[in-house]
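Dropping the structures in below, format is structure tokens.
Below, subunit A partners subunit B and then partners subunit C, in two separate complexes.
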Partner chain A sequence: MRRLEADVHLWQIFRSYLRVGLLTEMEYRINFWINLIQSLLSAAVALGALAVVFGQTDNLGGWTPAEMIALLGVYYIIGALIRVIIRPSMTQFMEDVRKGTLDFTLVKPADAQWLISVQKVEIWQLMDLVIGIGLLGLALQRMGERVGLQQAFIFGVTLLAGGLIVYSFWLILSTFAFWFVRVDNIQVIFTSLYEAGRWPITIYPGWLRMMLTFLVPVAFATTVPAQAFTGRLEPGLMLGALALAAFMLIVARLFWRYGLRAYSGASA
Partner chain B sequence: MSHLLSVYKGYFRTSLAVQFQYRAAMFIWLLGAIMEPLVYLVVWRTVALQQGGSVGGYDVGGFAAYYLTMMLVNHFTFSWIMWEYDYRIRSGEFSSLLLKPVHPIHSDMADNWAYKLFTLTLYVPVAIGLAWLFRPTWNVEGWALLVLPVALILAFLTRFFLDWSLAMSAFWTTRVQAINQAYFVAMLFFSGRLAPLTLFPPWFQRIADFLPFRWVMAFPVELALGRLTPGQALIGFGVQLGWMAAGLLLLNLVYRAGIRRYAAFGG
Partner chain C sequence: MSADPLITVRNLRKTYTVSERPPGVGAALRSLIRRQSREIHAVDGISFDVAPGEIIGFLGPNGAGKTTTLKMLAGLLHPTGGDARVLGFQPWRREKEYLRRMTLVMGQRNQLVWDIPVIDSFELNRAIYQIPDGQYAATVALLTDLLELDPLLHKPVRNLSLGERMKCEIAGALLHQPQVLFLDEPTIGLDVTMQRRIRGFLAEYNRRTNATILLTSHYMADVEALCKRVVVIHHGTLLYDGDLAGLAARFSPFKTVEVEVPKGAGADWSQFGEVIARTDGMVSLRIPKGETAAVTGRLLAQFDVADLTVQDPPIEDVIEQVFQEKLRIEE
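Take a look at the complex of A and B:
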């Protein structure tokens, strides 16, 4: 019962941050249009690139155009998670460490890791989520298949695991802020490598595939859920994704707590 | 002229010192610049392998050479000035630049060179490593390599003038991000960065002929790969010169109009 109460509490925290984010961004309504244009432009580029590739071949490393569109859809959905919550919150966190204002977060009576992880929400970036879902719909229509309940479940699980893996990785990177005060550029490492995730991980040469799977877990964030969506995932991989997600969450948590001990606050 | 030279020397030395301070950040930013050609190289060599070894006149080794050269040409010609001006104008930092007795473009150019010289220490080993991994095949043409520096310098100047003109849009709007993005999209498709232009349909290639992008990217790359005849190279140099002049003209027009507007801001 206590556990449940704690969860409700966490959800309430997230909801109030969401509301604050919404209220803030309502003041800058023009940003909605700017973001709309930027998101549509980026989706057009992605689809245009696919059109150029499929002008020369009918499949890319075994992926049909419809399956590639599904992959793009996943890429946008995970990208939305990053841009709406993870990146703004982590950027804020690193700035707080630098300025010493993290103190205000630490004294709040809630789990600090959760607070810093959801503290800033950029609502307009949700456009990418809409685009991602739209792309999945388009892929579904072009594949001309019905997705069974089991397949939908596996897709949901792998997508969730992908999101958690990305979050954990990002938290680990951000935690370095406790020792190296200027690390905001460290986020660029992930965003640069995430770009590679819009293409199937299977086409990359071995060394790069290993890097994109284990060093920076892009493969589990995009390719694996897309494989689940198109019904091509090997059953074992779903468990693998879940195991990796759990492992990374634990590592990120431990590392975060270790880092927190190195934080000396504004007064020191 | 010798006055300007000493100005450049001063700027260059300061820039180098500043950038040395941010060396970790520099190298991280480089990652994105390396990933893009690397990803497209992998995509296109996969396609080539599936289509029996080559598409659009490029085989696996040809694509490797194309994208490695593209990476270096892009490094040589790119600038990030369109991201700086937004901040400079909004924060008012631009006022102090205006007080200096030299045109602000000179310090930007010195910054650009210092960054490139500095990051070359990483680019060279990366390029060698990628060449070892992807086995590029070159068709070396002596005359083409001889005139390549001219093409590169023209490409750099053209791109710098156009980028700088674009950066001036910050005088009129605070929404430069969307404008920059549109510019980068056009650049990605029409410059040959996404794919060699021979892989696009003919109507697309004709449009590319009339835009500046292919002449600052694909042209030097194709020249370096020995894929052009002397006649084609000559035409390319002519078009490059034309765009460079157009860029310089545009830059002067936009800069003058922008300054007038900026003064109006201050009241």
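Take a look at the complex of A and C:
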């Protein structure tokens, strides 16, 4: 019962930040159009690139055009999660460390990790989510298949795991702000590595594939859910993705707490 | 005063390790490999108690350890040693039950969301503190009334003046009806009228709710108006803990004597004491405390005195003197 109340509290907090995000974006309505155009352009360019590639070949590392479109869809959906919540919130967190306003967050009677993780929502970036879902629909149509209930479930689970993995990874990077104060550049590195996720992990050379799977787990964020969507996920990988997500969440949590302790001088 | 203290602080200490390096590129590069560090005793063994409903002022020059002490009591910093209890909690454990009953206002920093109307920022705090609807409405109404927030609530924070923003910041920090308020320079940078407003509000709020208030300020006027009791901190140690009047009595070895004499009554005033100010018909003298009685006796005997007052010097001067004396001793 207490657990449930705590969850309701977290949800209420998230909803309030969502509201603040909406109100903020209403103050800058032009951003809506800018983001719309930007998202449409980038999706068009990405699809164009696919068209060029598949003009030369009908199979890219074992992926058909329709499957590649599905991958692009997943790439946009996870990208939306990053751009709507993760990146704005983590950027705000680093700024709060630098300016000392993190103190306000730390005296609040709610989980500080949760507060910093959802504290800034950039609603208009949701456009990428719409585009991502649209791309998945397009892929379905091209594949000419229906997605069964089981397949949809596996896709949902791997997508969730992918989102959690990206979040945990980003939180770990941001936590370094407690020691180094300015770590904005780390975010740029992750953003460019995530770019690699728009292509299937299988096309990269072995060393890079290893890196994108285990060091920066981009593979689990895009390739794996896309495989699930197109019904070609090796059994067991779903559990692998879930296990990795759980593991990274725990590591991120522990590291966050360690950073917080260092920040308040408890471990000194 | 039989009430149990609401805050107890015992031998509280905080030591920072700071890295330093000599100037120059070469030294900067060397420091990448080997960092030189030094310990700074920001708070060095402070003890005091605060009773429920008290307003207590922390005084001290920059870097004296006021803010560090306040931050430990607010749970933001872990002490290096010693102990403190606020409302029965050890602050730095940051238990939710404790955080729900205290608040923090920092004059130099804002927590309200810049781009949205004030009232919407309040809504955010309402969700975080889980304030029940009825209580929330009543508190907002009360604070709106006391701080005259009515014209401000629906404006985006970025459109407010510094003083208006501070009023809203304070209101936002009080929505959950905290019992303990930590205020770090709440009036900094505000004009005199606004300072007075905020002071008046704090006094009124304390009277109505019996909330306990700890505040640091650079403005003596804040402290004089609000705090019956002051704690003077210097170099991390407690220099004085008591009422304001006692501070003057204890640290100022002088009294100020003002004499009103008939116009044109000339004399060599310096034989009575140090002349601070002099106009035709009015003289201010600084006189060692022990000689006050004798000197006033002589003044009354020699001149046709229209009026004579003996005062403690302005509290601001006393404080300044205390810190200067202390510095001289240390040097």
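Everything below uses one rule, namely that the second predicted complex is superposed on the first by the 263 of 268 C-alpha atoms of A that agree within 3 Å, B and C clash if a C-alpha of one lies under 4 Å from a C-alpha of the other, contacts with A are read in each partner's own complex, and residues count from 1 in each chain.
Keep in mind that, in the parts below, contacts are C-beta pairs under 8 Å (C-beta built on N, C-alpha and C of every residue); 3 or more make two chains touch, one makes a residue touch a chain.
Keep in mind that what you see is a predicted model, and the values were worked out from it rather than measured.
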First (subunit B), second (subunit C), both or neither touched by A:191: first
Subunit B versus subunit C as contact partner of A:137, first or second or both or neither: neither
Which of subunit B and subunit C A:108 touches, first, second, both or neither: second
Partner chain in contact with A:9 - subunit B first, subunit C second, else both or neither: second
Touching partner for A:148 - first (subunit B), second (subunit C), both, neither: neither
Touching partner for A:156 - first (subunit B), second (subunit C), both, neither: neither
Doubly contacted residues of subunit A, that is, touched by subunit B and again by subunit C: none
In the complex, subunit A residues that touch subunit C: 9, 12-13, 15-17, 19-20, 23-24, 27-28, 99-101, 103-104, 106-110, 115, 261, 264-266, 268
Subunit A-facing residues of subunit C, complex: 14, 16-17, 71, 74-78, 80, 92, 94, 96-97, 99-100, 102-104, 106, 109-111, 113, 115-117, 120-121, 123-124, 126-130, 156
Residue numbers on subunit A that touch subunit B, as the complex places them: 30, 34, 37-38, 41-42, 44-45, 48-49, 52-53, 55-57, 59-61, 182, 185-186, 188-189, 191-193, 195-196, 199, 203-205, 207-208
Subunit A-touching residues of subunit B, taken from the complex the two chains share: 24-25, 28-29, 31-32, 35-36, 38-39, 42-44, 46-47, 50-51, 55-56, 133, 175, 177-178, 181-182, 185, 188-189, 194-195, 199-201
